[in-house]
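Look at the two complexes coming up: chain A is in both, with chain B in one and chain C in the other.
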Partner chain A sequence: MNVTQLIIPELTLLAAAALLFLMGGSNAPKTRLLAPVVALLAMVGALVASLIGQRTGVRMDDTGSLAVTALSVYIKSISIGVGALFVLLAWPTSRDGASNRSISFSTETSEYFALLLLAITGMCVVASANSLPTLFLGIELASIPTYIMVTMSRPHQQAQEAGVKYFFLGALSAAMMLLGMSYLFGVTGEMRLDHIIDVLRRPADGPGIGGSLLMLAVLLMMMSFLFKLAAVPLHFYAGDVYQGAATPVTAAISFIPKIAGMTALIKLLYVAGAGTWALDPKLMKLVWIIAVLTMTVGNVLGLLQYNVKRVLAYSSIAHSGYLLVGLATLVHVKAPEQRGDALAAIAFYMLAYGVMNVAVFGVLMLLPAKVPAPARTAETYDDLAGAGWRHPVLGVVMALGCFSLIGIPATAGFFGKLYLLKPAIQSGNTALVWLAVLTMINAAISAGYYLKIVTAMWSKSDGAGTEAIRDTAHDSAYDLGHQAPATERSVPVLAAIALSAAGILAAGIVFPLTGAIYRAAASATAWLADGPR
Partner chain B sequence: MAEMALLLLILFPFAGAIFAASMKVAQVARVWTLLISFLTFALALVVAGGVMDKSVVTWGTTPGVANPLAISDIGLAARLSCDGISIWLVLLTTFIVPLVVVSVGPAINDRADARWFYTWVLVLLGSLLGAFIAADGLLFYFFFELTLVPSLFMIAIWGGADRRAAAGRFFIYTFAGSIFLLIGLIYLAAQANSFEMSRLIWVAQNDITSTERWWIGLAFLVGFLIKTPVFPLHSWQPLTYAESPSPAAALIAALMSKLGTYGLLRLAIPIGFVGPTNNGAISQTVIVLCLIGIVYGGLIAWVQKDAVRLIAYSSLSHLALCVLAMFAALANNASTTLSLQGAVMYMIAHGLSTAALLLVIGAIYARAGTRNLTEISGLFAKMPVLSTLLVIFTMASIGLPITSGFVGEILSLQGVLNGLGFGVAAIAALGMILGAIYMLHMVASIGFGPLKAPAGAVLTDATDREMAALLPLVAAVLALGIMPTPVLESFKDEVAAIAHWSPTVLEDNRPQQTEEPYWQ
Partner chain C sequence: MAIDLPLAQLASLPRAGWAPVALMILIGLGFAATTVIMSTFIGPGRTGPGKSTPYESGMNPIGDTHRRFNVRFYIVAMIYLVFDVGIVFLFPWASLLAPYSADPATHGNAGNLLLQMIVFVGILMVAYGYAWRKGVFKWD
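Let's turn to the complex of A and B:
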């Protein structure tokens, strides 16, 4: 099949990104204000193209470097869909198009959206990558723009520091991945993932082909993907990077690299298990251990933070842990149906996580900081104190997002956790039942800091009436002298928040809808569970 | 009609809550909340009529008819059913909530944010009702957990000085307990192909190994014992009660604690503790814990200075007797029904008297500014009506004849005596004596003796608003105490079925391959 037919969504995004880079040459405010519109239209176009292009079975180009499957279409759709929300979060709302409440583009508005589109293109490439070079290119295309986005998002040292730190560690992880890939190629003599599976399945070579070298290759690549997920012990950058970046960028980098990394990880283990998930038991144990460590370390460190963005950084680590719980279940269970359940649960959780994150970060970027430096928008618990009374809608959405992240009923997060736990407990495997217990204990630990956020937002100083608080808050919000004048409307951000809140609630209450989303996730991943196609 | 009312019972409060949140004027929100909660009570009466008619009202459980509110992939469906036990808890809930709304005083009502309080009251009402009428284990869990959200806000926003710590501890402690409940549910449902309660129970009694049943029984038990709470899992309770605003304390103490006892009766006991492989060791441990709780709660209550903490510890002691009666029922088949009837009756009586006591103490606190027993005394002289009410509810709480407390307590004790023998019953009866001591101690120090109150306290007697809230409770307490037989008869068959273990009788509930498989 002609390669262009397969990558219409990616081409749409790329073309728009190129256009945006060209638009970046203009310094007119009008051009800057036009940039998000272009980005959003490109997203919608790419989403439509990706959904229309959906076919059953696998479609491959002539060289076999890309394979569009149901899973690719699902991952592309959710990354473009959630990506559109990121465009809304970063929408410039100042009159000159150079900033919104939280992010300062200076003159680089168009470039920012171009980079965002490139990162999402990278996710799409990862989703349909079928050869080692394409996979590498996809991962890097999803990562490199995020380094720049972090750096350019705020004119502060913290942002520069975060960007540099993120870049160096990201480069290291890319080196690991390439090293792993070279070993994988060396052992199997193949670049294409489906050919590697064939080699690993060839009876003459036996299942033990490659032995420790294959293991080394898988481990190195896994390490790199786990870095993208910020899994423990490769999580050290997350706190600083999330704190340093402007809030809309934090939202984006807590989703894009994670989904890319998780997709790549699933592909890698599928390949390493020779398409039947017949993995080395040591590898299975490793995934289990990393899942437990990631959840637990993320949640415990989250309890210790004062900066809410750092809290959410550790919360995102913990959520990587929950995704890895799904992965651990996937590699441990024996029955294909349960594997299907685990895969569908991971796919469902990715979407739920993306939407919950947009809600939480969206609220955070709309609230003013008490002290104008270094961040204009809320970062600490103090900034949040009492904010719910001044902005009830934001307060309710934040509570909804936090409850969803804990996994309280009537939210998408509850069903996300339920779907993750179901195959683990159903399998009857002792290790997995314990994994489920540990997951739920972690949910209880995480309640500690999520509740702190919620109660801080709805707190009141003793004796002070609502009105008094309201007055001082208005003063502090507008004394900052930042570029958010009283007239500035953040309609796009509010739209993103409203959409994500509606999604969280609808998926938690309207049971038929929840079932429909899950079935979409299940049908996208079903082919992976059955073994060789 | 009654079937539809059952569904509306859940939907109504939630819909009402959305509107209440948008009402800017506190008074409007209050009247609206009253209206909704009264209408919910009316709906509960309709359902009660249906239950009297055909003993159980269900919605969405008809075999062969697809449930419109279901997630088939996970086996969750909005199956509702209300039988002789559920209906009393539904009635209790819908009866107490409007009265609590009436009782909300200026401390909350005059604040600009009062509408949010009413919103959370309605959310709590809806979640409690949902838990009490769920016929689906996961749906039960769904609402069981959801009750935490409104209570969290009520405590954290309108509570006392230490409210945020109290709210956090309450939430995390009870959430952590229900973790095991969820895992037990999913594990059992994996074998049952459904979360339907009757199937879960059938499978637990027939299809799983005794080791599995041991773990599952324990998992269910822990969740419910924390919610009740039973010693030594109670450490969230005194702080929570003390820091909650008094309407919220009344709701949590009277109604949310019943989620624990109801869950024990409905799920934990039939799933883990009925029949030959009945996990005797765990049962015996629970019995010992209950006995410790009865005495320990009583002794600690005795030395409390804070009246609300005193009531918290008295609840610990009282509900331990309720749980003890449930486990006593398993020990002796002859007295099973009697004992469980006593336990259910005790749940209703405890709900009424605890809510009433907390509301009276709340009213006194609003006037005197303190609930410390050493700082106030002799209030009878200044507020005879309120003090009389305090005495009446205290009598109900310690189980004086002609009050509702008497019936539940005496039947529970009878069950304990028959099931577990004289020694255990003697210790349990010690709890009654202790109860009389500390409750009368409280009444004596608040109501009688020389008049003492902090300076500046305006000791007016009960207002019309308070009378409107408390008099129906007096009526209910006396009515149940004078005419308990119709009540006890109405759930006799249901409690008998709970403790009844016989695979052949329950054969109808064997999980069958339905047209629409619940598990893929």
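Let's turn to the complex of A and C:
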């Protein structure tokens, strides 16, 4: 099949990104105000193209470097869908199109949206990658724009530091991935994932082909993908980077690299298990350990933070842990049906997580900071204190988002965790039942800091100890034109918040909808669970 | 189907298969060690201000190396990459296109190949145009 037919969504996004870069050459405020419209239209176009292009079976291009499967269509659709919400979050609301409440684009509004589109394109490429080079290019295309987005989002040292840290560590992880890929290629002599599976399945070589070399290859690549997920022990950058970036960018970087990394990780383990998930027991144990460590460390460190963006950084680490719980279940269970359940749960959780994050970060970026430097929008518990009484709608949505992130019933997050734990408990495998127990304990720990956010927002006090500072800072905070507390000027952000809040509630209360999303996730991943195609 | 790669073969061979590699490493180390040791013994070992300058018999160094460079140099170097990457792909593509379109079996696909390169060069041109608009080539 001709490659062009397979990458219409990617080409749409790419064309729009190119157009936005050309628009970036102009300095007119009108062009800047037009940029998010172009980005949003491209997202909608790509989403439609991706959904229309849905067919059963695997479609490959002539060289076999891309394979569009039901999973690719699902991942593409959720990444473009949530990506459209990121466009809304970053929508410039100042009259000159140079900033909104949280982001300062200066003159680079069009470029920001171009980079966002490129990152989403990268996720789409990862979703349909079928060869090692394509997978690498996809991951890097999803990552490199995010480094720039972090740096350009705020004219502050913290943002520069965050961007540079993120860039160097990301480059290191890219090197790890390439080294691992070179070993995988060396051991099997193949670049295409389906051919690698064929080689690993050949009886003469057996699953033990290359033995330790294969293991080395898988470990190195896993390390790089786990870095994208910010899994423990590769999580150190998360706190600084999430705090340094402007809030809409933090929302984007808590989703884009994570989904790309998780998709790549599933593909890698599928390939390493020769398409039958027959993995080395050591590898299975490793995934289990990393899952437990990631959620526990994320949640415990989350309790210790004062800056809410750091809290959410550690929360995102913990959620990577929950995704890895699904992965650990996937590699441990023996029955294909349970494997299907685990895969569907991961796919469902990815979407739920993206939507919950948009709600929480959206609220955070609309609330003003009490001390306007370095962050203009709310970052600390003090900034949030009493905000629920001043902005009741935002307070309710924040509570909803936090409840969903904990996994309290009647929210999308509850079903996310339920689906993740169901196959683990049903399997009857001791390790998995323990994993489920640990996940539940972790959900309880996480309630510690999520509820702290909610109680801060609805506290009667106005942020103890900051009164004096606030009084001096108050005037200057509201004198800046683009920082007026008028929420109606942030209509796109409010739309994103409303959409995500509706999504959280609908997926938590309207059970047929939840079931439909879950079935979509299940049918997208079914072919992976069956083993040999 | 599989390209039989040296590494895949070597991994399955007995250790004797690595002998050439080991020999190469030994020769490499031996050569380096010999030259260093020999030069300490045979070399005249003169010292002096002229001898310790960075370019012993070339330019006279002016000032410190830790100077600030204009940021333009970096940007121009990055723009150079646009063309650099372009030629890396253009050359193999150009050398493949002629036999590709001459062969009746693949002739029908040659237009597709051309289209792909047009898209690729188009993207590079976007980068170039962007840099131009942003004033990268203004030198004063």
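To be clear about the criterion, the second predicted complex is superposed on the first by the 507 of 533 C-alpha atoms of A that agree within 3 Å, B and C clash if a C-alpha of one lies under 4 Å from a C-alpha of the other, contacts with A are read in each partner's own complex, and residues count from 1 in each chain.
Just so we're on the same page, a contact is a pair of C-beta atoms (placed from the backbone, for glycine too) under 8 Å apart; a residue touches a chain by one contact, two chains touch by 3 or more.
Note that this is a predicted model, so its numbers are computed, not measured.
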Which of chain B and chain C A:P409 touches, first, second, both or neither: first
Chain B versus chain C as contact partner of A:L213, first or second or both or neither: second
Which superposed partner A:G340 touches (first chain B, second chain C, both, neither): first
First, second, both or neither for A:P281, with chain B first and chain C second: neither
Which of chain B and chain C A:E190 touches, first, second, both or neither: second
If touched residues of chain A are counted for chain B and for chain C, the larger one: B
Which of chain B and chain C A:V433 touches, first, second, both or neither: first
Chain A positions touched by chain B in one structure and by chain C in the second: none
Parts of chain A lying in touch with chain B, wherever the complex brings them together: 337, 340-341, 389, 392, 403, 406, 408-410, 414-415, 418-419, 421-422, 425-426, 428, 433, 436-437, 440-441, 443-444, 447-448, 451-452, 454-455, 458-460, 462, 465-467, 511-512, 514-515, 518-519, 522
Chain C partner contacts - residues on chain A that touch it in the complex: 2-4, 14, 18, 21-22, 24-26, 62, 185-190, 195, 198-199, 210-211, 213
Of chain C, residues touching chain A in the complex: 1-5, 7-8, 11, 109, 112, 115-116, 122-123, 126-127, 129-130, 132-134
Sites on chain B touched by chain A in the complex: 21, 68-74, 76-78, 111-113, 138, 141-143, 145-146, 148-149, 152-153, 156-157, 161, 164, 167-168, 171-172, 175-176, 179-180, 182-183, 186-187, 190, 519-520
